[in-house]
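Order of writing sets the labels: A, B, C and D. Residues in every chain begin at 1.
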Amino acid sequence: MKNIKLVYIGGGSKAWARVFMNDLTLTAELGGELALYDPDREAAELNRRIGQRLNAHPDARSHWDYVVYDDLERALSGADFVAISILPGTLDEMAVDVHAPEKYGVYQSVGDTVGPGGVLRAMRAVPLFEGFARAIEKCCPDAWVINLTNPMTILVRTLYDVFPKIKAFGCCHEVFNAEDFLCCVVHEQLGVPRPDRHELTIDASGINHFTWITRARWEDTDVLALLPPFMERFFETGYVEKHGVSPENWQYDPFTYGNRVKMDLFRRFGALAAAGDRHLVEFLPKAWYLDSPEAAEHWRYHLTSVDYRRRDRTKKIAESEAMANGTADVAPRRSPEELVRLMLAILGFGAVVSNANVVNVAQMPQLPNGTVVETNCVFDRDSVLPIAAQPLPGPVLSLVSANAQNIENLYAGIKARELDRIAESFLAQPLCMGLSCETGRQLFREMALGTAGYLEPWYDLSALN
Amino acid sequence: MKNIKLVYIGGGSKAWARVFMNDLTLTAELGGELALYDPDREAAELNRRIGQRLNAHPDARSHWDYVVYDDLERALSGADFVAISILPGTLDEMAVDVHAPEKYGVYQSVGDTVGPGGVLRAMRAVPLFEGFARAIEKCCPDAWVINLTNPMTILVRTLYDVFPKIKAFGCCHEVFNAEDFLCCVVHEQLGVPRPDRHELTIDASGINHFTWITRARWEDTDVLALLPPFMERFFETGYVEKHGVSPENWQYDPFTYGNRVKMDLFRRFGALAAAGDRHLVEFLPKAWYLDSPEAAEHWRYHLTSVDYRRRDRTKKIAESEAMANGTADVAPRRSPEELVRLMLAILGFGAVVSNANVVNVAQMPQLPNGTVVETNCVFDRDSVLPIAAQPLPGPVLSLVSANAQNIENLYAGIKARELDRIAESFLAQPLCMGLSCETGRQLFREMALGTAGYLEPWYDLSALN
Amino acid sequence: MKNIKLVYIGGGSKAWARVFMNDLTLTAELGGELALYDPDREAAELNRRIGQRLNAHPDARSHWDYVVYDDLERALSGADFVAISILPGTLDEMAVDVHAPEKYGVYQSVGDTVGPGGVLRAMRAVPLFEGFARAIEKCCPDAWVINLTNPMTILVRTLYDVFPKIKAFGCCHEVFNAEDFLCCVVHEQLGVPRPDRHELTIDASGINHFTWITRARWEDTDVLALLPPFMERFFETGYVEKHGVSPENWQYDPFTYGNRVKMDLFRRFGALAAAGDRHLVEFLPKAWYLDSPEAAEHWRYHLTSVDYRRRDRTKKIAESEAMANGTADVAPRRSPEELVRLMLAILGFGAVVSNANVVNVAQMPQLPNGTVVETNCVFDRDSVLPIAAQPLPGPVLSLVSANAQNIENLYAGIKARELDRIAESFLAQPLCMGLSCETGRQLFREMALGTAGYLEPWYDLSALN
Amino acid sequence: MKNIKLVYIGGGSKAWARVFMNDLTLTAELGGELALYDPDREAAELNRRIGQRLNAHPDARSHWDYVVYDDLERALSGADFVAISILPGTLDEMAVDVHAPEKYGVYQSVGDTVGPGGVLRAMRAVPLFEGFARAIEKCCPDAWVINLTNPMTILVRTLYDVFPKIKAFGCCHEVFNAEDFLCCVVHEQLGVPRPDRHELTIDASGINHFTWITRARWEDTDVLALLPPFMERFFETGYVEKHGVSPENWQYDPFTYGNRVKMDLFRRFGALAAAGDRHLVEFLPKAWYLDSPEAAEHWRYHLTSVDYRRRDRTKKIAESEAMANGTADVAPRRSPEELVRLMLAILGFGAVVSNANVVNVAQMPQLPNGTVVETNCVFDRDSVLPIAAQPLPGPVLSLVSANAQNIENLYAGIKARELDRIAESFLAQPLCMGLSCETGRQLFREMALGTAGYLEPWYDLSALN
């Protein structure tokens, strides 16, 4: 068993920390300290108590020292791994991110990555990550840092820009959904039982939530070549890849979708976008798939409302409290997440190939070096090494690089704390491109002022009034 | 005097040929044959007759053998220079290019470069240029080929793609207008007489009709630094740089504009877009400056109608006929065009620095090699050598590279004669980004069918019906 | 069990084919046809007979159809894999390669990769590989092609240049020796039993036989950091990493060496050259380590004579005959070679990370794209994907890129069959750099004429006489 | 007339300052202060007195305020131009640079650029240039800085590395000699009077003293195509291009040479090396052209001894004193140097194309960005803009990039003040490649200790004893 110190920044109020603790509890190879740091100390405390119940569970294969810290630097000191999973601001800010643009006809299905919501969220999150990077450089420069927070690309960019020698990567499961979808395609078209996604070999590249699969093999089969006949059967109805949900039931929950956007994009461009449709549409001109709530329905995906998120969060906190109190069961079971698997690889338990968000050192020669990109990487002893990706088709490259450049411009504006530059990258968002400059700036102003509490420590908002 | 053979392809029906013949007539250093080739033989004949009258003029400093050819290859044989200035299709096709999109709310101020009109025009022109390139490779591979036809970027791209060793460049005067504008700025802000544009030293780079000035010097003055106070005075009214037109009179003619777009872009991005505002707006999201005829008026530029072009053309042909017949004067005077000056430089009469459209060999390291870009070049004995350009600001680079990629994708589609791929680059035009895919494809279909006569030789349109 | 067709080109007369057949015999996952093609038909026949004895062996876990072909195209038809392992010319030619330069004071320890011998060998081998590539394109374009022949870099380059879509890689075990050496370092410095080389995680990059390890981990140990104290103990005596040979016994056989060159280079440059010392010295200026037979002895490695190779070959053929005849045992045992493991990965039996020689698509951004480089790759279902390598230290990069450029220049000369250009890259070999141009050309001439029988089909040697 | 402040650092003891003052005196467009700074104050004083005599000369077209400064920062304050022309160390150090290697069989024809002498000279000069760059950043960050000191490449590299926004270029006349040589070729082969070198249009690129002409035009003639017949006539005897010297008289003075090396390289590689043969041979393997004094004679160039330099210097100082005292005439006449012409272009008196040493921003895409390269540039108002160079032939690129990498490695070693790294780049010099590592290090040690007085302020030499 390896004895490690693992720091978890944030994570107090979402299910993710629970999932992660579950997976750790079932990992016999590891043990040690799990340092919990959250500005919301009670949330960290709650996780600690759940952790202790997991320790006590008979199925537990490892046991962790759950320690809550008030001080970030003390938490980080001596860390081997740092996982960062925060909510920048509260759901009140997210309500502004997602819903303020609606009165201008700009709808968002997620609102945490790109588009108006993504911009505002980045404005809140980047300064926090600047602080994390500085603290990591000071307290645990050799630790592996795993970002789980959105907007992924710009936050990993921040970590590397502030502390260039950081050993950081961004970890996201959206590609897995596309793999699951391809497993359904194999099942439907070859008449075999649905394979596990690990049986696929794919080449995927792009930027987080807008990654594209250019090649997919299952056994001797070229899976992308199965898509055209599959689409003849399922394009109209859509096809939900979620385990336990019937293919046509895209209304199952607010995160479910029928993959019609993905199929339409494949028909148009010959590569498969590798994220949930809810994410994809936000990277594309508004008029294509996200012009209105009706368009979302037509394309079989949801506009996830922040009200839903509030209810969901309340429910999850209640669940956590019940677990902490012992009124609910904590029975650990392994999640489909990869994080622990990747950590094991980094600790020397065997190489793993998986997707990650890291700085481009030429793994995507079509994008400038220095951009944060998502491609396959080899996770191995103390290393995350990017694998050279296949070229993207021309029109896909255009879409990806437009968004990558927007993010780079946004980052430059946030780094300089210049609202005008930030506003320009706001205007350049594909979802905003239908707005006149005047209207766009008005919306930006409203959103900034509507979330002023979380911006004022970093930006001079006086010019906006 | 150097004795050369200069071939002029097209040019029958526009004023350009006359301007060029004028300039040649005043160029004592050159003489020889001016070979005229135009599918519209009568147009070529008309030019020949004007040329002979220029020869006879007492101010003529050189005399040319004007020869009309029916056969392109015979015309090209032995050429030292080939100038290409054609109208791909007729004004009927251009009426479709420019006006068909209006019923979908898509307006165009020019319609010959990018946007829906630019795409359709490229579809007609690229196959013709493929033929020109093959004929040049066969008949005069060492000739210098000067393209004057729009859409410039894709046509120069075509020439190089078909015949990679071609000595070709694209020549455009739009940058000169921006230089004239900067001369007005010098005049207004320094209180000196308006300088000649050749007194400026600028660094400009981008793609044709969307080139950006990142640096401008006049004497010891940083001219871009004069713009903010200049804009305080003139942003509201606009400022026309045209010689002989008062600064506020943007309605002088359909090609005149008040430079408000240019000034607004400078305010936003800190670099000066170096083409007429009419061109610039077509490279930008429709909602920014070209949302409606009212927006055009607000920004002080015209939507040039094809009806106007028809009247203008009729007038110019009448002028030409009068000149050919001797009922009008042909008095040669030197134009502000640079073409003859560039030819002289290539022939060894002294190096000249001017802007040109050539293949990127790293003069713009921010864009991929192989892209056709417009930067300063040194024109010298048998050579046109690109000068390394300064980097563009991030948000400007985004705009330029999005358009450059669209053109590259469009070219790939046209080269393959694949309507679906062409339609995708049609949808990706900034002017079309407000259209749903369905509406966009419907418009594309209408435009293709509306210009079918000039497309059917090259494309299988049956799928569109 | 997967049923495949595997073609083995060459291999008639060396132990390699036997090793490979052994490994296949122990691979339960595979079976099918092993097509043997060798211009020396009897050699292929001998292998076939050995193969049949392996089939009959009680330990055999798979059984193969050993088929000898007279016709290359018939052999290739339907192939899944093609392994190429030929001797270009005979040992008579190799005697010229290795020993002709000695009278000019140029010694070679191997003579098959770079240096005068490598150049001449490339001249014989490249035209053969041009033929192989054309035949593969025609008969089995989807087959995976594995080159085992030296000079590796230029031959893989040839395959890709002739048939750009070829799925080829070059496979070499020299890196393994350096890994074994590092395992000895772990053993000596940490006092643990010598680990298996698969327990190391390394980053290696460069060109074949001149690859450099920039990073090596075993468990939590930075193995390169162990080298300085290790070298204090063992630099003087040298240290042989060969299993079963005592560390100081570098004279054990002509392929054994004491790793003093490797250690000295590490001391100088901070990266570990990852090939046998015999190979390394040929990439470096002659005066550094290979100035004379005495220098070789000083540095504890051998100049392998072709006489030795003759005797060794005679012995191996005798062994093969004995095996074929049943007078010797064929008891299969697994070799340390990786080839079968890589084939299994390509066939979908699980991803493997190993080094391979493929075209640079940016896995080594310090070298131009298109160069054939050796780095780690991920071998996975129908794919060999290069992993982005760490940068090489400046002085190492200089040495690697000088050799890579020499090979590129040599390839251009051979492709054009221009002896003058070939002679220039001969003169530019590090081992030849002490020769005047005149002497160098004289030596080149002697070597070309001394191996004329194998050059005349491809080159016009008349100018050399 | 433009009023400027021009600072001249160094130049006290060589003819260059006189030449420059002469040229300035004849330049009516300029006037102002010429600030003289030299650690050897008397030398600066001497120049001041010569300058005053030039001011008084009836042919003077401009008059300068010659001011001697003791303090560098005061000298630089307010400067428009800074010219740097120093001797790093004295001729005693240069005697070590040039002659110490001879006992190891390493001869040098110049010894100030690459090779052992170039390395030692760089060790003395780089730290001084670090100081200049810092002082310029502090006192006159907008001044144009012109380096005239060798070793050129590494010193320009230093300026940019210390102060990245510096407006600096290196200016060298060696390319002009190659142009003069080509003018002789025109004269001899076309039977026309020898043209002036400004009538040629060339494309040249590489690194200083090792630049290559890939294209040369005079009128309509491809001048490189004239070389083969020219060489048939003159290769054996050599051909001196120096005005006023007969073509075969290569022994005219120690700086004269017969261009046989240049012709031989052209025969081998098809491009014309554009520096004096004395320089070229130092970039190439010793055995090619510089194996011994006899080889120099065979190739018709001199090994310039430092004794000659001493005598020459004594003579030049005497001349200067005579001029200063009025016992010799100061009659100004225009030199063939370009510096004043380039300054005029920068000041806005008209664009000029000439060669310069600046940081690679992609003007030579075959070399890494950041390397200092010599190519044509456009000198224009406040700008020196590199022109995209044609690719070098493969074998030439190998030679150029090997030297460029050596310089980069050397710079890294000097910057870090690490003698071991410096010694490695010493060993990697083409002239040293015949030395064993041990001998090479011994020579390096001797040279460092022999010039210790000028190294000790910067390096810890104790390890060398």
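The working rule: a residue touches a chain if its C-beta (ideal position, glycine included) is under 8 Å from a C-beta of that chain, and two chains touch if they have at least 3 such contacts.
In this text the structure is predicted, and so the values were computed from the model without any measurement.
J.: Please flag the chain sitting at the greatest distance from chain C, going by CA centroids.
T.: It is B whose centre lies farthest from that of chain C.
J.: Please compute the C-alpha centroid of chain B, do the same for chain D, then give the distance between them in whole Å.
T.: Once rounded, the distance between the two centres reads 44 Å.
J.: Distance from the CA centroid of chain A to that of chain D, rounded to the nearest Å?
T.: So the centre of chain A lies 56 Å away from the centre of chain D.
J.: Among all residues of chain D, which ones touch two or more of the remaining chains?
T.: None at all.
J.: Have a look at which chains touch which and call the overall pattern line, ring, star, complete or other.
T.: Contact pattern: a closed ring, each chain touching exactly two others.
J.: Write out the stretch or stretches of chain C touching chain A in their complex.
T.: Going by the criterion above, the answer is residues 201, 203, 215, 217, 219-220, 348, 351, 353, 361-363, 365, 369, 376, 378, 380-383, 385-388.
J.: Applying the document's contact rule, which stretches of chain C touch chain D when the two form their complex?
T.: 264, 268-269, 285, 287-288, 291, 394-395, 397-398, 401-402, 405-406, 408-409, 412, 420-421, 424-425, 427-428, 430, 433-437
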